[in-house]
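Both complexes below contain chain A, partnered by chain B and then by chain C.
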Partner chain A sequence: MFRFLDTNAQVEVTLDGESLDLPAGISLAAAFIAAGQTPMGHSPVSHSPRTAYCMMGSCFECVIEVDGVNQRACQIEVVQGMCLRRPGGTADNGSQS
Partner chain B sequence: MNNHFDTIIVGGGLVGSAIACGIARRGRQVAVLDGGDRDFRASRGNFGLIWVQGKGGDFPAYAHLTGDAARRWPAFEQMLRDSTGIDIGLQQTGGYDFCLSESDWLARNQEMQLVKQHRGGEFNYQMFDNSELRERIPQVSEAIVGASYCPEDGHVNPLYLLRALHQKMQIEGCRYIPQQVVVRSAREQNHFVLDTATERYQCERIVFCAGLDNQRLAQDLNMTIPVKPLRGQLLISERVDPFLPCASLQVRQTGEGSLQIGNSHEDVGLDESTCLEVITELATRAVKIFPHLHKIRLNRAWGALRVMTPDAAPIYHQSSEHPAAYAISCHSGVTLAAYHATGLADWISGDESAAPGNEFSADRFSVRSH
Partner chain C sequence: MKDSYQLAVIGAGPAGMAAAQAAAGHGVDVILFDEQARPGGQIYRNIENTSVDHGLLGKDYAMGAQIVQAFRQASLDYQPNTSVWYLDKSRQIGLLQQGASEQVFAKRIVIASGAQERPMPFPGWQLPGVMTAGAGQVLLKSAAMVPEDGVVLAGCGPLLLLLAWQYLQAGVKIAALLETTPKSNSGKALRHLPKALVASEYLFKGLQLTRAIRRAGIPWHKSVCDLRAEGGPNLKAIHFSSSGKNQCIETGLLLLHQGVIPDLQIAQAAGCGLEWHEARQSWQPKLDNWGESSQLGIFVAGDLGGIVGARAARLTGQLAGLQVAHQLGYLDHAMRDKLAGPIQKARDRHHAIRPFLDAYYRIAESALVPLNETLVCRCEEVTAGHIRDVIALGCNGPNQAKAFTRCGMGPCQGRLCAATVEQIFASAHKKPVSEIGRYNARPPIKPITLGQLADS
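Now for the complex of A and B:
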């Protein structure tokens, strides 16, 4: 359904430790959708798969860890060398065990 | 348009819509006149607690009433869910009020003992020290002195509750009319007349449930209802793994995993804005209680105005001059909803045996000569 514009240069990021090429110059959420990288994460409660929904910063469904900080993927641009980690499942709830 | 109703409820927040549901279920024809979206809306900025512990330490009837409301909640939630299909996220597995200092802990213990005296065997609470607390919630800091715990406490999603009440209102045949701020009300012949900017309404029975506007509205029918705003600011965090087994006064975890952080009290008049100072204070306190929260991100913050009576207990007032006129004011629209839709609605519908008692009349605030 979604295709890259020919003009988009590709940059390399890492996703959960694996190298991945994404188009530069667009939002991280758009790049994930275009690259078929869904889901972007999982709900911490139901563990159901989640992905970008509103694409305008309101719904927080596209939150992903970027260089160690949780961010809304629809609100930031893809940058060369970004270290990305999908949330959910392994998130730290502070328990000692 | 026929603007004559048996009962008119002025105000469609948690209080007005709960009472409307209850009265309509008893067969009366009810209209709810609601204000505008920009009005002060305590019901839309609420924390969502069903809170019993500590209430009514200096007001025995209020201690009983709160416990009674909490006990009505499971059946009330079931009725709402069966009727509307809306899951309001009720979790009534108890609640903690964290004590950050030794003096907090001692004062809390005294307060709980008072409530226990008033309610006798029917009220249960526990005071936990740090190690007892950490056995129950391992994420609590070692620096927290302890907490009080009451098994009757709980929480709901307050926005789903408001939506469910509004849907229930429609199911019961209430007429809901928004954008109708009442500018004047009066007794004429054998009924009440209410004017808004565009309409005139008539009714046999009138119930003011308009939050901070109750003082102005009830004055037209010679009722003195003293209410004042008390601002609370609330923070919403990103979703995190569930770690809170039940509600607390300081932090609650929603069904979606977000944390709601609150419990600030500011006397700032009709100002529902937020300020960095209080946001910082709330966030700092949450991290003091749960150190692992230091790295979570906040999504948003808002301010809302509680509707406070002089003694913080509800006002259930029936006019002595016009016995079919009532004024209802409280800051516990969630906790008391299960009672407002049942026992209180029975009373307002005309069942004197369900009267909440004269202790709750606004007459308790008038100066006595001896």
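Now for the complex of A and C:
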């Protein structure tokens, strides 16, 4: 979807237990988009694919579990070693995570 | 951080920075909270650090460098990376900083939480690959990211044109610009033009952007309606109609914009009274000439008080700061008025462009009330049809619709559906939105875990 105007260093994170390289120095949501990691997650009600929409903290579509706590990926910088889990509760288990 | 301050400012955009500086400059003990890591708000986002050439982003962005530099030098307590999740009328503030919650009291508050983009719901707007024009700008300013070739921009408002211009400067190939502004708007805006001429720089800027986009030869579709995004899992195509013809463009990225509206959450939680602005089709806090809200001691500055743009926002911030300094005894009546005079004059000059812009970019009625199948609430996945169903059952307003459908009860707390739900009610009841009302907003207005709450 997007490309960089200049080159970026990389950091390594874990996503759902697997290692992933993401561009450094930018927000976690920007890094996901730059790395082509979309959809970022799935909605809790119908499990439909979602990705960051507003990038400024309003829409909460980029919420992801970062080191055990749900956070808006557009509001935090990507950091080496982050342990990430995609949201993805489904309607049948009633999960809101 | 201390337990108590004379003034707490919320937001480090142009209005918040100006309010904090104006008050601190007269001796007021000021603390400023901002969610971002660096000052500048959305408009001057990342101005100290961006690797993107300022020329590419435009003159108005470049102006932010000096403003932010001056703010850095002011003697006040600046707290970045801080969310305000609680504010009440007794001016108690709940903060979240690096995962820990804290409480602070302030004698005066200036809320400068700015604006958010007006939601633009149509079938498929929740697909990955559909984002806002503001999101495109955030990616450009903060991550030096631009779309791959073939991006489509859709909607109405100055920001859409500015973004198209910025992308052109960066060498991005734009597949199409889908302008949803109704054709009849220009005629209706004309009567506001004479008054707008005192702020002619806005008009010239608009003409410049328009000319550059035309010269670049971007397909520019006018009076666009019936937008529909298709794909799975990511966006694949956008369908629309223009001049009575149905068309389709294949694209993986669609950036939307239909104006900005005040980000009311904090002001509402603090109990500030609101009023409906018919021309802007949005709610805004009721304010006096200094920006003081109906909750005495709580001020509002910048776009939160009604969309005014960055330059006027700065001036409204200065006025709020001066009045706070006056109320706290740092400035006498005469001195306050002497200092405020030229600022008020400049503010009024910037305000003069607004009636023209409001009329020119007024959203088509059809864009305010989406089709039944459209998701209104993206979090809880409530459609416009579901809202109309509960209205037919006798549901009396947006707050009851929340209880009936969970619309507005997801993580975004109604930020992305409030504006649409009130329009659906207004249209169904054939009443103005001012008689429909709005969702209540209650703390916590930003996400906080029970653990963090218990520790505060």
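In the analysis below, the second predicted complex is superposed on the first by the 84 of 97 C-alpha atoms of A that agree within 3 Å, B and C clash if a C-alpha of one lies under 4 Å from a C-alpha of the other, contacts with A are read in each partner's own complex, and residues count from 1 in each chain.
In the analysis below, a contact is a pair of C-beta atoms (placed from the backbone, for glycine too) under 8 Å apart; a residue touches a chain by one contact, two chains touch by 3 or more.
Source: prediction; values computed, not measured.
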| request: Would you check which partner chain A:V45 touches, where first means chain B only, second means chain C only, and both and neither mean what they say? | output: both
| In the superposed arrangement, does A:Q75 touch chain B (first), chain C (second), both or neither? | second
| request: Could you figure out whether chain B or chain C reaches more residues of chain A? | output: C
| said: With both complexes overlaid on chain A, does A:S27 touch chain B (first), chain C (second), both or neither? | reply: second
| Who does A:V63 touch here: chain B (first), chain C (second), both, or neither? | both
| query | Same chain A residues contacting chain B and chain C, which ones? | reply | 43, 45, 60, 63, 69-70
| request: Provide the residue numbers of chain A that touch chain B in the complex, in ascending order. | output: 43-45, 60, 63, 69-70, 91-97
| message | If we count contacts the way the header does, which residues on chain C are in touch with chain A in the complex? | response | 35, 37, 42, 51-52, 99, 116-117, 126-132, 134-135, 138-139, 142-148, 170, 232-234, 252-253, 263, 378-381, 410-412, 415-416, 447, 449
| Along chain A, where are the residues that touch chain C in the complex? | 1-6, 23, 26-27, 30, 33-34, 38-40, 43, 45-46, 48-61, 63, 69-70, 72, 74-75, 77
| Where on chain B is chain A touching in the complex? | 138-139, 238-243, 255-257, 290-293, 296-297, 299
